[in-house]
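The structure under discussion is supplied below as structure tokens; questions concerning it will follow.
Letters A, B and C name the chains as they come in the text, with residue numbers starting at 1 for each one.
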Amino acid sequence: MSRGLNNTVSSLQRSGTLINSLIAALTIGGQQLFSSFTFKCPCQIGKNFYYGSAFLVIPALILLVAGYALRSQTWTIAGEYCICVPPPRRISLLERKLACLRFFSITGRALVAPLTWLAVTLLTGTYYECAASEFTSVDHYPVFHNISASKRKEILAGFPCCKSAPADIILVRDEVALLHRYQSQMLGWILITLATTAVLVSCCLARCCSPLTSLQHHYWTTHLCNERELFEKAAEQHSRLLITQRIKKLFGFIPGTEDVKHIRIPSCQDW
Amino acid sequence: MSRGLNNTVSSLQRSGTLINSLIAALTIGGQQLFSSFTFKCPCQIGKNFYYGSAFLVIPALILLVAGYALRSQTWTIAGEYCICVPPPRRISLLERKLACLRFFSITGRALVAPLTWLAVTLLTGTYYECAASEFTSVDHYPVFHNISASKRKEILAGFPCCKSAPADIILVRDEVALLHRYQSQMLGWILITLATTAVLVSCCLARCCSPLTSLQHHYWTTHLCNERELFEKAAEQHSRLLITQRIKKLFGFIPGTEDVKHIRIPSCQDW
Amino acid sequence: MSRGLNNTVSSLQRSGTLINSLIAALTIGGQQLFSSFTFKCPCQIGKNFYYGSAFLVIPALILLVAGYALRSQTWTIAGEYCICVPPPRRISLLERKLACLRFFSITGRALVAPLTWLAVTLLTGTYYECAASEFTSVDHYPVFHNISASKRKEILAGFPCCKSAPADIILVRDEVALLHRYQSQMLGWILITLATTAVLVSCCLARCCSPLTSLQHHYWTTHLCNERELFEKAAEQHSRLLITQRIKKLFGFIPGTEDVKHIRIPSCQDW
């Protein structure tokens, strides 16, 4: 469209905001789809907590691991500073700092999906409601005064399932549901606030304490990108030429040439 | 289309109005979607205020931080005037003034989304209604005269949830709801009026007290834009040449050349 | 779209993530389609377990075998290190290591589909519910106290079919269904966690203990791919040329040429 819009879009792409937004949007969509299909609170004593926690924490952990593993840069850095590969060449201080900077940026990208998952699930509140149902304090409700502790636990564990119950219990259930939603969403907001603060502070620190100025940093990212692209092109061409030479030795012609004068029948030792 | 319309559109683009409108529209849409899915007032004493306030203030703060962080200009300025980077070069008075001007324009853009959020939520009124429910003064209603203070607080906290209640309490509830909506919307209008006035005054001040005339300002913005574009082009070309030289040393040919005389098999030390 | 997005996509392709995601997505879709059409728990004593287990395990095994068999690399490696083919040429240590690395990557790819199948079926829970229905412990339900063991087994086996039953039995059925879903989904999460950890650890080990650096590894994968492609092209052309020569010797002209000067009637010895 316009130059201003183009500038905004290209600066968003450069800072990775576009990809981060895409990751976050996919995570939100996936979470909604996933939980609508599979989440069903067991509503039994001693199981609610593990079930709810598993749905809250495990996907976030998997998304974190995937976020690290899917970035090829992670493996480049891991390969460069790997202890097993002999001989360990000397690494300068600047190289160390730059590797830290790259690791830092990879971590930032890898944290987008798990933090989005946690924030969305906490703001939605169903997982937390299931996990926390048993641990609610209901001592101040007169309905529960003449109910034994084990029976009370059972009733509390059954709250997320909306089973049929006496009217006074339903009233308590609605209040407890609102309380859990409040706790879950407040936790979500606290998480979002902390994450935003951490992003801001660490971005500032990274920019200020970086061994590169703003222009140098721009040049460096372009350089890393070009290095990769040109090396791949060269490796591709080099490998093709090498194989073509070998095939010429075996079959007597270069594959793809139109007018072949003579061909060679390879002997058994050639294979 | 027509020349007059084109002129209007292009001048809107230049002043950033188009992008600002887009940000505002996205914020309004997001707010409506978000609050319809997640907002559910807890209706319990001491929680309503924090819940409502969190939904009012935290998204606005996050949008403000995001507005700053997503502009690459912020980081350019931060990098230029960063204290950590030695040695701190002398900065002239004009440079300081220009940096202030840029910071000012970034702040303007960054404030669009949070102010829109606050205005929309206040005009809608549900968040304010939840946050303010406990602090309503109901001493002048005869219904509340023979109700203890703690019980009265409980009833007030329950107002936003529309629970079943005696008819006279429902009458009070409807009046309180109208009162809260009135307060919330008046706050919204006051905010919008203040923001508009501030925008107008600060634009005038920026133009009047700017060290640049109107033509100089136009030249300066074009200059900043061109500087970035040409530097990026040069950095790209420089980096490509550097890498090409290194690849030639490793593989013995320049990637992309058609007729390669001989290639070089790299030894293990080369990698 | 943009360069950043392109880079991400190409790095995903290189690391095989795109293909793995495609395999996983196809498996999930296939599982949903397959089970909605064909799965129907028999609800009879002694049959539920075998039926459910068959639907859980056999497709996973088939997908595993298919994953190995469909990769042409498997057969290349198997061919290279086959003992039957005389004479067994000397294989260097590096070649052995590289073959291990390739076998490792093939196994990784082959495990994607079966693990996805198991994870999806366990998270869905219907297969597990059918398989486990007979082995539920219902001693603590007062409804089952005056029912004989065989009758009880029959009722338990009938649970996954949602037959009409007395109200108290339906209550138990709903609780048992929730319990099975809980067990199934927890097993699914454990499987997913273990698989993720194994992937991470083995990727790290493979990278660290690999005899190749990151760039060498990249060159090697490109080389293997190009070798295959160019050899196939050359073999195709070589074989066509060879056959054309033989046909010319037999019939006196090259098939496909427009103006044939003279043709040759092959004698009986030629055939």
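One rule holds in what follows: a residue touches a chain if its C-beta (ideal position, glycine included) is under 8 Å from a C-beta of that chain, and two chains touch if they have at least 3 such contacts.
This is a predicted model, so every value here is computed, not measured.
With centres computed from CA atoms alone, A is the chain lying nearest the middle of all the protein shown.
Matching the C-alpha atoms of subunit B with those of subunit C calls for a turn of 70 degrees, to the nearest 5.
For the pair subunit A and subunit C, the distance between mean C-alpha positions equals 24 Å. Per-chain Cα centroids separate subunit B from subunit C by 47 Å.
Shown for subunit C are the residues in touch with two or more other chains, namely 213, 215.
Residues of subunit C that touch subunit A in their complex: 2-5, 7-8, 11-12, 14-15, 17, 123-125, 175, 178-179, 181-182, 185-186, 189, 192-193, 196, 199-200, 203-204, 207-209, 213-215, 217-219, 222-223, 226-227, 230-231, 233-235, 237-238, 241-242.
Subunit A contributes residues 9-10, 13-14, 16, 18-19, 37-38, 40-44, 47, 50-51, 54, 58, 61-62, 65-66, 69-72, 75-76, 78-80, 82-85, 161, 225, 231-232, 235-236, 238-240, 242-244, 247, 250-251, 253, 255-256, 260, 263, 265 to its touches with subunit C in the complex.
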